[in-house]
C-alpha cells in the first residue's frame, strides 16, 4: 500500500496568493513521496546481507516527521475546501469552544495567541474525548508535541513556507488573520462530530 | 475541569515486580499533577500586571510533554487490566496486523524490533483510518514523534524507569518480553474496534 | 549583564538581496531580545509569592533555543564580513577538510549534501579537538543536535526565512550555492586557528 | 579514524555503588560503538547502487545523539577522577560562579534547582567567552538544547540509568547530592582555564 497525494479543491483565497498555495501544495506532495520512500528504503535494506537493523530503526524514527508532514497538510488544505464559512452557533464545536474559552471569539483570540509562540510548527486544536474538552497547543516541526491519540479539529500551519511567498516573518499575525478569514468551519465541525458519534 | 489520576486494577505480573509497578504508578500520578499544574500556573500568570505572554506560550509548549506522559501511561497500565489474554484470531486487530506484518507472530517480532531503537520513549502502534493500516513507531520522550491524529492501539513504555527496578538497561529485551507476556490483547482489540464503528 | 545585538558589516552579496538580509537581521535581533527577556522574566518570577519553580525551569529549557538562535546567526552573518574570499591552501582548515573529506572540493560537496537534509535548521561544521577531526552535521531548529562542547567552524542557515525572500523552498540548493559563493573563508580559518593555539 | 572508549580511573564513591558505575560505563561504551557504527554504515551505503542519499542524511542527523552521548559521558566520568576535591577560592571558575550566582553555594543551589527540571537529560554548565559568563541549562536526551559552540565546564547526568541501580526516580535529588559530593572540582577548573588561555 502506498499513500497517494490528495487533490484539494481550493477556492480563491483572501490574503493568500495562488503562487503561495502552489508552492505549499508542492511541499505537501514531497511529504507524501517521502512517507512512501522511507518504507521502500526499509524494504530494500532488509534484503541486504549487511546488518542494517540500526539504520532501519533510525528511518522508522523519522517516519513520524514525514507522516505528520503529510497528514497535517491534509488537515490544513481541506479547511479551505468549500470556501470561508462560519461555525454554527449550535454545533458541538462551538459549544466545546465556548465552554473551554468563554466564547467563540475568545477561542479565536486564543488560537491567535498560541500562533504567537516563537519557532516554526503548527497551532493545533484537539478534542480529548476522555477529558471532554478542547486543547490548543503549539507543535514544533510537524511531530514534536502532538497530543497522543487525540483527534485533530483545527490545524494552522506556521512554518515559514506557509506564508513567506506573501508575507515576511514580522507579518506572521497578518497571515494568521488571512488564514482564519478563509476557514470553512464546517470542516472542523465535521471532524468534531465524528468523535462524538 | 481537572484531570484525575486513574486507578488501575493490575494483577500480579510475570517478570515485573510489585515494587516496579508502584514506582511507575507514582510517576504516572506526577504527570497528571503537572498537567493540572501547567493550567493553574497559566491562570495565575494571566492575572499578573507583568506581561507574561512569552512565559505562558512556553508553558503551553510543555503541556504536550505532561499530557502525553499522562495519557501514554494510561494506555500502558490499562493493557495489564484483566490479566494476560491473547488476541482473537478473527479480531480486526489480528486481521490488520496480519495484513501489515504477515502474521501475528511477525507483528510481535516487529514490536520487539522497534523496541530495540536506541534512546528512551515508547513503541506505539497506531491505526490509520484513512490508510486503513497499522503503523508502529518509536516515540522519543512522550511527545516527540507521535503520529498526528491517529488512535493508539498499543503502547510499550521504554523509559528506563519502566524496568530499572527489575532489570538493567542491557536487559531491555527481557523487559519487553515480560511486558508482552502480560498484555491483555482484548484491551488493544477494543481500541481498534472503537475506530472502526 | 545583557546581550547586545551585534552589527555586521555585510557587503553587497551575490544571489542574496538586500531585503533578504534586512529581514534576516531583524530576526536575529529578535533572538537577542528574547535571550535577555527570558532572564528578565525569570528574575521577575522569583520575586513572586507564588511558587513558580516549574515555570522557571521551563523557561530555562527554552533558553537554548533563543541563545542558539542568537549565536548561530552571529556565526552566520560574520561569515559575510570582508567579502568572498577563498580558503588558503595551507591553512589548518584546508588541511583538516582535505584529511576528512578527500579534498577542499569534496568538503564543499559534502556541505551541499548535508544541506539537502529534509527539515529546517543549520548545516554546521565543527572541529573536535580530541578526535582531531571535522564533523559536519544537520542541526534542527537552532538547538536540536548541536555537538556537545565543540567549537563551530562553519554555520549555514537553512531556515526558510534565510532564503524565502529570494527563493522558494524548491530552489534551496540555489540558495546554498549563493551562500557559499559569498563566504569569507578567512573567518572560518580564524575560528579553526583559535582552537589549535 | 575511529573513536575509542576511554578508561576512567574512578575511585570508590559516596552514595554511588560500584554496580551503578559498571552499568553506566557499559552504556557509555555503547555510545562510542554507535558513533563508529554510524560512520561505518554510511560508508557501506555509499557503495550501494541503490540511491541511499535520504537514508545517509537521516543517519547523519542521529550522529549528534550518539556523539553527544559519548562526549557527555566522558565529561561526566572524568569529574570523578582524582576523587572529591573542592574548588579553589581564587580559581577562575569560582570567580565566574560567584559573579553569576552570588556565591559558590548559590551556584551549587542553582545546579540542584536546574536538576529539578522534569524529564531526562543533563544539567550542563557552560562558559560563554563572548558574554564572559556561565550558563547552566537542562539538555534533553544528550543533544536537545546544547548551547552552540560553548565549552562545557560541568555535566550532571540525569538519565534514569545514571542512578536507578541505587535510587528510584522519587529520590533523584539524593542522587544529585551524591554526585556533587564526589566531584573533583579541579577537573572543572581545568576546563575553564583552557578557555581563558
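Of note:
Note that the chains are named A, B, C and D in the order they appear, and that numbering of residues resets to 1 at the start of each chain.
The rule is short, and it goes like this: a residue touches a chain if its C-beta (ideal position, glycine included) is under 8 Å from a C-beta of that chain, and two chains touch if they have at least 3 such contacts.
On a predicted model such as this, the values are computed, not experimentally measured, just so you know.
For the pair subunit A and subunit B, the fraction of shared interface numbers is greater than half, so the two copies use mostly the same residues to meet.
Between A-D and B-D, more C-beta contact pairs join the chains of B-D.
Averaging C-alpha coordinates per chain and comparing to subunit D, the farthest chain turns out to be A. Separating the CA-averaged centres of subunit A and subunit D is a span of 37 Å. Here the spacing of subunit A and subunit B, counted between their Cα centres, is 23 Å. Centroids of subunit B and subunit D (each the mean of its C-alpha atoms) stand 29 Å apart.
Residue positions of subunit A touching 2 or more other chains: 34, 54, 58, 61, 65, 118, 140.
In the complex of the two chains, the subunit C residues touching subunit A come out as 23, 26-27, 34, 65-66, 118-120, 140-141, 159-161, 164-165, 168-170.
Chain contact summary for the complex, subunit A toward subunit D: residues 34, 37-38, 41, 44-45, 48, 50, 52, 54-55, 58-59, 61-62. On subunit B, the positions that touch subunit A within their shared complex are 1, 3, 53-54, 57-58, 60-61, 63-65, 67-68, 71-72, 75, 113-114, 116-118, 124, 131-133, 135-140, 142-152, 197.
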